[in-house]
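In what comes next, subunit A is part of two complexes: it sits with subunit B in the first one and with subunit C in the second one.
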Partner chain A sequence: MNLTIGSLLDFTGLGLGFLFTILIFSYLLGDNPFFRLAIHIFIGVSAAYVALVTINNVLIPRLIIPLINGTKGERLLSLLLFIPSLFLLTKATPLRKAGNWSVAILVGIGAAAAVGGAITGTLFPQILGTINSVDPSAYAISTSRWDQAINGFIIVLGTVTTLIYFHFGARETPGQSSERLPIIENISKIGKVFLAVTFGALYAGVYLSSLAALVERLTFIWKFLNSLGFTLFSSF
Partner chain B sequence: MNIKLNAPVSTAIAIGVGIIVLAGYFIPSITNIRFALLRTGLVLAAVALLVGIINLLTVHFKKLGPDNENSGYSLILIIALLLTLVIGIIDMVQSYMFGQSNFQMTNWIFTNIQLPIETSLLAVTAVSLTYAAASILRKRMDLFSITFFFVILLVLLGSFSIPPATLPFLHIIRDWIVRVPALGGARGLLLGIALGTITTGIRILMGTDRPYGG
Partner chain C sequence: MISCKKKDLYDSEIKSEDSGETISEEEESQAPAELFEEGVEHKKFPSWAAAQDSAPQNGAQEIPEELQFLAGVEPDSITDQIVDPFQGEEEEFFDDLFSEELPGWLTTASEEGAQIAEDEISRGELPGWVEAMRPVVESSDMTGLSEDEDYIENYGPLAGIPSVLPAEAEFALDPEQAAMKPLDLTASKSHQEYVNLLKKLIGEEKKVKPITKVAPVQTQRILRWLIAIILIITIGGTIIFGGTIETKIPPEDQVNSSGYGALFNQIDELFDGQPVLIAFDYQPAATAEMHIAAASVVDHLMEQGTYLSFVSTQPTGPVLAEHFLTSTQEKHGYIHNQQYINLGYLPGESAGLVSFVIAPKKIIPLAFDGSNAWGSPPLVNVDSISDFAMILVITDDPNTAKSWIEQVGTHLKDTPLNMVVSAQVEPLIQPYFRASPQLLSGYVAGVIHSLNYEHLREQPSLASTAWLPYNIGIIITVGTMFIGGLANGVLSLFSRHRARQIGEIK
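Up next is the complex of A and B:
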């Protein structure tokens, strides 16, 4: 009996997967009610799933369990956490101004973590990586040093010119519209080419991923139809 | 005299908490305080996410009614959200009360509804990306577009692993593009993003920007 319920659930699941795939693929014919239906179900299910994961992985182990089973200190700390959390919940009610100070804690911590993370996680490692690409003592022995030097120079050129491309400071001239310095303007053109190369490589990467997803979905549709008895390709 | 206490209090809290967390990155003796505050931030972020979901529900509840032609979609969204939430809570109760931590029903929903839709959306992107790449040169023929187009072409051709389409020199070109010029551009982008993040963060920590309603 269990096996029957199990297979029925499996089949229902596959059927739902097939149905939603077709509903999403209908977007290729243009925006239509079937696509919108699938998207609204998707948003609802995803929002609920995210809420469940948040409750199960963060709120219960870090707030509820210490409050019920924790030591005296843990209970006190959890209680201290509970107060701003409750005030933050008022943001979903008409008393939303009461939660401003809770948001202030969140924003303060978030901003500091972002600044610290950007300095220690991106700024220093990327600058070090760029310096190392033109540092002969950091070169690999297996490849030609000239190759590495030229590649290193191109990497530095790409990094610097791309940064300059995003420099929008301009000198003010009375009676004329502000323009960037000619040298900045010219260097930023090289930066634009490097940006095109980077975006092209990223685009190709995303395209390959989406192509893999397309192949997976088409294979799923084929297999599902074959399981229903629609033999599309006998060799498949 | 009407004194608005809320704004300075919120600003002082944001600046105070932020400075302690930031100092914790550079002063080892207050690292523990930084971690405690980061844990607080994690819990508050989780609650903020729940507030966002409650807001989503409220917005769609407001859309229900005969006046709105899209009210049917809102109703479906609400049903899907509440149904998944109820099933998940049943799973959670089973897990915490009776020790059956398998989340079978929630996993079933994830595998059979969420995953196929997500994969299908990514698959549809393949068609949109093909169309966009094909029409880029038709819409704008300049150095940026030409470079962009040919880099896509070279990286794609260099990525094929099907025997008739495998050309060793294309693999080498692809590897060089990804390893050298694309890396240079990406580093520039990353450094720009980091500098922008630092600027925005410092503006918040100095109280110039107050996104908390202060």
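Up next is the complex of A and C:
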């Protein structure tokens, strides 16, 4: 048998993959030490890997190297970024309050980018899309007239009734409990149906993803066993 | 000597308490007659003063000097008598007023007038509202104010003075006696309920509640095992015994209006050497589905001879990209820095994406392996993200998909943004594809779309291989749900019927 280092490493990798797959599958019997062992190893390996990537792919090329070998402008910029980074490190010390301003800048910039993107990328386009759904000439995808009409109706109905479902305003009546208007209450029931269909579709998608993972893992186990010489059924 | 407690006592209490040294009536009678004038009520004194009453022969020497003025004793001339301090002044006043110097008519008139006044003046009747304003003392247990006439200060500088308002009545109470006295609290029923509730709450806090371990429902566990065994056996059997399932190419109308059809047409128009940016933004756990979904699409891109640039907003992305190439696209033999470049990890999520859109070369100057990222001929002219011929995002997370659309898609000019997503993401990204203006140019979602994409290319790949066990899994799942729902319905009907029977019997 001619074993090279490469093939040995490959086999070790496959063997570890097989072992961890079985350990994870053991959760079918309930929570057990084997499953927990596998989970702990995954978490530890992931954390260590992320730390290495951050150092090698972010800190060294984008902070350390410009600080040492960069031009005057690059050094100044790196220094300006290095100072808040040092303050961030104080978050792990008793002087954690000193790093608040660095965190504030990070959170502020992140929130501004996210909110700005959500408004220009989701909110306005979706409102426009809902308006255009009743205008067949504005459709992005060419479909039949009936399709357009039904689609437009469903989109408008779904949008309006779902929004009404989340309308919790009620008129205050002295001496009585505040309740929504009967018409709002009835329309919100249609919105609830749309929400249920949406959540059902999302759940079905999650299940289909899991099923794909199951198929892939079972295929992997079979291939690994085949590589070990379990050719019992391979003749079929 | 009578022992004085450090509290205020009434005269009667003093007598009853100190039975051993009670002052007898005989002793009282031995007191000088001048002290007990007719009509003058016996004044009540502190114990030491009462003892002085009973033994005047001992004289006032036993009275403390600082209290002698209270007992009407002149400090300079100590006599055997104890004189009421107010009595002498009153007599002198009346003597002066009704002295013999008054004229006779005035004396007579005053005597007659006094007699008439006594006869004529009767008790006046107060109006009802005035009567209502009269203070009524309902309870005297706490303060003793209604009994202040019998009260004698027995402690402090006012000791021996009668009818003194007790300054420290509540504080001076004997705690033992006070505890025995009932408190007249006017607590309503609701107050009492609140008190009981509070007592109950406080009492329950002290109780140690044993945590009862809920035994898992055995039927659920058995059902879980049963479903798992059925799925593993059927899917595993399909994998082991193999076989193919014939699928039809979807109709043209459906292809034209679908995301995978739009993506296929766009890739088909690309030509050799055009730079394409691919974002590997999925978790390692989603590798199986994402490999199946993306294999045919990336294969198509490589067939067109495009130059691929990999980037990821997740730290694990760069390695997953390399793993994807080696496990699914080995046949193309793409070489790093010649046919593709791995730009590595892009930190900062949304903010990082925004900065990458504006200046990609400054944000990622080096490739994942440390080499020059932008030195290859296809990337020399790339100054912004719009200079790429196409952007393809491979992700299993709806939020990541949204971030790319919101932060990158809105800044693109003519560059199409496409996606390969997990089946669970499709419902959330479809509106971006269907809407007008269209922010998503095309997409492939999950195994089913990937299979259709392979049909369009007429080249079976991973989706075609996985389709049969995947399809069997879906059928088994739907069947299990149907049987489970049916069984649940039958069981609930039986339970209702049984409940109705029990109700009729009762």
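What we mean here is this: the second predicted complex is superposed on the first by the 206 of 236 C-alpha atoms of A that agree within 3 Å, B and C clash if a C-alpha of one lies under 4 Å from a C-alpha of the other, contacts with A are read in each partner's own complex, and residues count from 1 in each chain.
Following the convention adopted for this analysis, a residue touches a chain if its C-beta (ideal position, glycine included) is under 8 Å from a C-beta of that chain, and two chains touch if they have at least 3 such contacts.
Just so we're clear, the structure is a prediction, and the values are computed from it rather than from any experiment.
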For this session: Look at A:Thr198 in the shared chain and tell me whether it touches subunit B only, subunit C only, both, or neither; answer first, second, both or neither.
Result: both
Exercise. After superposition on the shared chain, which partner residues are touched by A:Val107: those of subunit B (first), subunit C (second), both, or neither?
Worked result: first
For this session: Mind working out whether A:Arg217 is in touch with subunit B, subunit C, both or neither, as first, second, both or neither?
Result: both
Exercise. Now for A:Gly70: first (subunit B), second (subunit C), both, or neither, which partner does it touch?
Worked result: neither
Exercise. Is A:Pro61 touching the first partner subunit B, the second partner subunit C, both, or neither of them?
Worked result: second
For this session: Would you sort A:Ile154 into first (subunit B), second (subunit C), both or neither based on which partner it touches?
Result: first
Problem set entry | Common interface residues of subunit A - those touching subunit B in one complex and subunit C in the other | 28, 46, 49-50, 54, 58, 62, 109-110, 113-114, 117-118, 120, 122, 126, 129, 151, 198, 201-202, 204-209, 211, 213-214, 216-218
Problem set entry | For the subunit A and subunit B complex, residues of the former touching the latter | 9, 12-14, 16-18, 20-21, 24-25, 27-28, 36-52, 54-56, 58-60, 62-63, 81, 84-85, 88-89, 91-92, 97, 100-120, 122-123, 126-127, 129-130, 151, 154-163, 165-166, 189, 191-211, 213-214, 216-218, 220
Exercise. Along subunit A, where are the residues that touch subunit C in the complex?
Worked result: 28, 30, 46, 49-50, 53-54, 57-58, 61-62, 109-110, 113-114, 117-118, 120-122, 125-126, 128-129, 132, 138-144, 151, 198, 201-202, 204-209, 211-219, 222, 233, 236
Exercise. Which subunit B residues qualify as touching subunit A in the complex?
Worked result: 6, 9-11, 13-22, 24-25, 37-51, 53-56, 58, 73-74, 76-85, 88-89, 91-92, 95-96, 106, 108-127, 129-130, 133, 143-145, 147-152, 155-156, 159, 176-195, 197-198, 200-202, 204-205, 211-214
Exercise. Residues of subunit C touching subunit A in their complex?
Worked result: 216, 221, 224-225, 228, 231-232, 235-236, 239-242, 253, 256-257, 285-289, 291-292, 315-316, 318-319, 344-345, 347-351, 353-354, 365-366, 368, 370, 396, 402-403, 405-407, 409-410, 422-428, 431-439, 446-448, 466, 469-470, 473-474, 477
